[in-house]
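The structures come next, written out as structure tokens.
Consider the two complexes below, in which chain A is the common component and chain B and chain C are the respective partners.
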Partner chain A sequence: MKKSKRRNTERAYEDSGFIRDIISSREGARVLSCIQCGTCSASCPVFEVMDYPPRKIFAMIREGMKDKVLLSVTPWICASCYRCTVNCPAQIKITEVMYELKRICLKEQVISERTDANRFYSIFLNQIIKYGRSHELGLMIKFMMLHHPVNLLQQVPRGVRMMLSGSLSLFPHRIKNAKTLQKITDHALKLQKV
Partner chain B sequence: MSARVGVYICHCGSNIAGKVNVKAVSEYAKQLPDVVISREYQYMCSEPGQEFIVRDIRENQLDRIVVASCSPLMHEKTFRATLQTAGLNPFLLQMANIREQCSWVTEDGEAATLKAKALVSGAVGKVRVLAPLKQSYVTVSKSILVIGGGIAGIQAALQCAETGYKVYLVEREQSIGGHMAMLDKTFPTLDCSACILTPKMVSVSQHPNITLMAYSDVEKIGGYAGNISVTVRRKAAYVDHDKCNGCGLCQEKCPSKTDNKFEQGKSKRKSIYTLFPQAIPNKPVIDKSNCIYFLKGKCGVCQKLCTREAIDFTQEDKIEEITVGAIIVATGYEIFNGHKMTNYGYGSLPDVYSALEFERMVNSGGFTNGQIRTQNGKIPSRVGIIHCVGSRDERHLPYCSQICCMFAVKFAHLIRDHTNATVYNFFIDMRCVGKAYEEFYHRVLEEGVRFIRGKAAEVIESQDNTSKNGQYIVKVEDTLAGSVRDISLDMIILANGMEARNDSRDMARKIGIAVNEYGFFLETHPKLDPIGTQDPCVFIAGTCAGPKDIPHTVVQASAAAAGAISLLEKNTIALEPIAAFVNEERCTGCQFCVNVCPYQATKFDTERKTSMVDETLCRGCGTCVSTCPSGAMEGNHFTDKQILSEIKSLLVPV
Partner chain C sequence: MKYLYYPGCSQKSSAISYERSFLAICDVLGIELIELDDWNCCGATIAISVNKMVSFLLAARNLGLANKYNLPLVTPCPSCYVSLNRILKVCKESKSQSDQINTLLAEEDLTFSTDTQVYHSLEFLVHIIGLDTIRERIRNPLRGFKIAPYYGCQLVGSYVNPDNNGNPQSLEELIEVLGAEPVKFPFRTQCCGGSLMFTLSKQAEKLSGMILQSICRTDADLIVTPCGLCQMNLEIAQKKNHGKIPRQRPLPVITFGQMMGLAFDLDSGTIGINKKKILAKQNIISLTN
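And now, the complex of A and B:
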């Protein structure tokens, strides 16, 4: 007896809004097709600093372990290189699911203590909105001052060397037509509400 | 005189009654025009269900029957037979599909009931104007065509021939044997593949009832049920096989060499060659595209040396016509092309082998004479076998190829047996389903073969050149031990999946059968009729119908042979009475119908200047009917009057 796939999955996970949220998103539609083969973990260049390999994240999503998944640093470590997505035999959009998880983390304000990637993201984003491009020096100073003030001193010699070689500029540059970009970012923020 | 219709609504357990209000549908049917009796019952297809119909026909003089139940594909035959038992013409039956088209496709019971009523009304509308049809029979030709000379074709041909039927076995290569002839050992018993195959091949060549047509292609298939005419192209071998005694001198002396496809391109063969030493027929053919004589017009060494004067450069393809009663299709498979998985380096890294390449390597007749050696002649000390190459992969073959786990385990055993190497199997799930398969897996586990649960992500060249480590590194997540590992290896073997032959769709079109989404031939029913096709005279066997191992292939081949034999045993075969016919006074002679008919059943009568239908060839598909611009073509059982009456009743507000 054939019923629509979607209905069945919805029924199977009636109790878990979390899984429903993930599989009903465009990115997570195939999460339930994961065969736990581990291609993603073995393809990942930053696997060593993750607390759970991506494969395990999918197993945990399916078992509804919401807190564990949201408190994992794995999505924040993900370097968005898309190698796992290219290699995945089940064609799961793994990198996109990682983004979706980060969105849920931000929305629900559940973020691991062990990562500051979210803060880095927000400083970076504010810069883009303001100037239209990133200003590395300002970004690093602001990020380090706010979160790792002691480490900032250690970075000074390297920063000076980079400035002397012309890799770092002292002042931020603005792009032309910043207003047009503003329209785009405004609209994007309205859509995201992040 | 008006018709007397009986309507029967089936509950199909809860399949229909769970959604459709069957009582309401039955009540509704009672007031439809010409309906004399309307009943509902739990299982209409059961014996008591059918008895209702028989009794009602006899007691109430019913002359038309409507059964509202499952798809006519399931039970139309059943109920036609019921009508016949009661003495009614079996074609005065109309089925309304209220299961697949009603109860199974909605959650809404009310909507399902409403649609069921409409479908029943439509069926009554049609059945009232149906006309009885006469079943005709033709005699069946007592011979069988087997396409493909692999193990499936060999088994089927031998079995049919043993029963006494004439068998034509057509094989595209110059020898029968197929993929099985390339294999070394067979799992799980480890008998030598050639040792168990060659006796059967010899039996084929010796059997008086088998005509072996090697190096031939099936060009065209026509004719009608039980009398299928087949055009076979016998490809020119440029060697007169009647004169040749297979001494092999020509092969020894031929100066031109090319890649040996049987050895997977890993060694060279001559341009005049036999496939392998035990080939049947063991007569050489000349490969025209590489032969110096054909390329440059001189050489002819083979011709000069042949003592039997068998070499004939002027030979041409020959076309032969045969007539058979049944066809067994056993065209086999292709292995998945490892080049498509670029992350495994197949084709660019020299010691990454496909499964068939390894079979030839480990085979004592193969390109290394059975020695397991790397490209530079070393005995490998660490070998990896990567499972699911192509299979279980949405990008390539979404299905499981079924045999790879087992041949990978067999490879592991053979490597342990031939060398002292450490063997790693990288698997996703071990699928050892079959008699003595799991036991074989355990035996190999105990031999110390490592099984790592994780699909290899990639194969890269090692930067570390010390002899202690292998030349390649496989990156894999050991999902059971919970870590990502870099495993260094000397040799890598891919467990390529099985896919349909790339010309399977053309073949299917030629024969008039269907393929599934992957190109494998489609069976009538996956469980209950795995050998039948939509053409009652065509059977399928072996890997052309889907991935399977040798035992299952042989079982299916025997079953297909039994199917063909029981068809031919009947002497006559019923022709489909549902056929097209021409209203001659309307036909303008435009011949559109002649061009569109897929079965060459419509012909143009030059004397009468109208089209005519050969009823033996027509299968009632209706293509000509819908094409005819003047409405002269009509289909029995689907006449304009009948279809319009059905539509009209279907649209009556419920």
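And now, the complex of A and C:
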């Protein structure tokens, strides 16, 4: 009895290309060892604003519930604090799996409507690819103009103070070899889509 | 003693006082730091969320630049520390990954070596330079000060550094050597929400607020951190939460470099904080602006 049950679940895994993709990655290799103990959810400082806490995400991955997992806001809320990863008794690299899920979301263009983190990420990354460095002011303005122009106005006095103290520069710094960096990141993007 | 220095983007902007104080104390300790020429952003937690290869490449390019110097690399930013060590770990485990990245880097005539050492500035000073060397330079012991060691999450949380079991001690050791007393509180390694500052700012402030509250329940005079982002985030939360913090006790949040600068008796301008106010144990909300 026990044996046949196990075989069934194994088949369920094999049926799902999603789970295969995840366990074939370096990050997700141990996903099937999850014992559903809930330590990750208990460690997570932001679980209360997630739709599914990390433990549930792992249960859903195991069941091959691709759409639900990709539409979840959880990976976008994850603060990348590694606390769950440190505590997981099954040594699952949970934070790395969260990165992986975000990459799959972006590749498949399935993103929860409850987040705009994806847009923030793309502004940030484009900036780095263009200049080689991140530029806090440019980032703040671009992202806030997109969604929260009013908040941006509220930040002005603070921004001016920071600029005067030298801790916020007006213009981005471009590294010397920015052109080559752009070229090799283009190659990298072609090599690996996510 | 020569080492390579990788500042990371925030040390050139919002965390500029962190950089200044770190460079100043290294100078006092006779450590020569050579800033990595033409370094780029490590990609932080964002590049890896978008494209793995690009994120590896961004981190690896810096190690490629470092390879020419053949020196260990030191960075003050916990997040950069994680990114740079991640790529080292990935490439140590997978030669094909490493070859792939080196092929990309060849376009810029760079190759990187997985043998490069990457230290965070705190472990570097406490474990590589050593507490004895630090002790010799103290001119103004911080006797009578109670200091809350706040590590933040990146340094201790990442799988890069599994030896410390989530129970780091280097800040405590440093505080004691400088003559002050470390204060115990429960949220030493809890996330300040820094990475959510743009996308989920309310939640970020809430997390920082919890850390502040737990420190305010102790008799700490100061909060010290090895992270520029934590410093900024705690300060923002402190301003916004002002009324809600128990005992209405705003506390200066300084980096360990600034704390060492106080003990080495460096001047306020060099370490980027108002020394007089801190030494007089005045309650101040913000030091940087």
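Of note:
Quick note on the criterion: the second predicted complex is superposed on the first by the 171 of 194 C-alpha atoms of A that agree within 3 Å, B and C clash if a C-alpha of one lies under 4 Å from a C-alpha of the other, contacts with A are read in each partner's own complex, and residues count from 1 in each chain.
Operating definition for what follows: contacts are C-beta pairs under 8 Å (C-beta built on N, C-alpha and C of every residue); 3 or more make two chains touch, one makes a residue touch a chain.
Just so it is clear, the structure is predicted and the values come from calculations on it, not from any experiment.
In this superposed model built on chain A, chain B and chain C occupy separate space and fit side by side. For the combined arrangement built by superposing the two complexes, chain A sits at the apex of an angle of 80 degrees to chain B and chain C, based on C-alpha centres and given in steps of 10. When both complexes are overlaid on chain A, the residue A:C37 reaches chain B alone and has no touch with chain C. Once the two complexes are overlaid on the shared chain, A:Q192 sits against chain C while remaining clear of chain B.
Within the superposed three-chain model, A:N177 lies in touch with chain C and out of touch with chain B [touch as defined at top].
With both complexes superposed, C is the one of chain B and chain C in contact with more chain A residues. When the two complexes are overlaid on their common chain A, residue A:P53 makes contact with chain B while staying clear of chain C. Of the two partner chains, chain C is the only one touched by A:A117; chain B is not. Of the two partner chains, chain B is the only one that A:A90 touches; chain C does not reach it. Closest contact between chain B and chain C, by C-alpha atoms in the overlaid model: 5 Å. Across the superposed pair, chain B and chain C both touch chain A at residues 87. The residues of chain B lying in touch with chain A in their complex are 15, 104, 343, 388, 392-395, 428-429, 453-458, 475-479, 484.
The touching residues of chain A, counted against chain C in their complex, run 26, 45-46, 49, 76-77, 79-83, 85-87, 93, 95, 99, 102-103, 106, 115-117, 120-122, 124-125, 128-129, 132-137, 139-140, 143, 158, 161-162, 164-169, 173, 175-177, 180-181, 183-185, 187-189, 191-194. Residues of chain C touching chain A in their complex: 9-10, 12-17, 38-41, 43-54, 56-58, 61, 82, 90, 93-94, 100, 104-105, 107-108, 153-154, 156-159, 162, 166, 189-191, 193, 195-196, 198-200, 203, 207, 288-289. By the touch criterion stated above, chain A contacts chain B in their complex at residues 1-2, 33, 35-44, 47-48, 53, 55, 87, 89-91.
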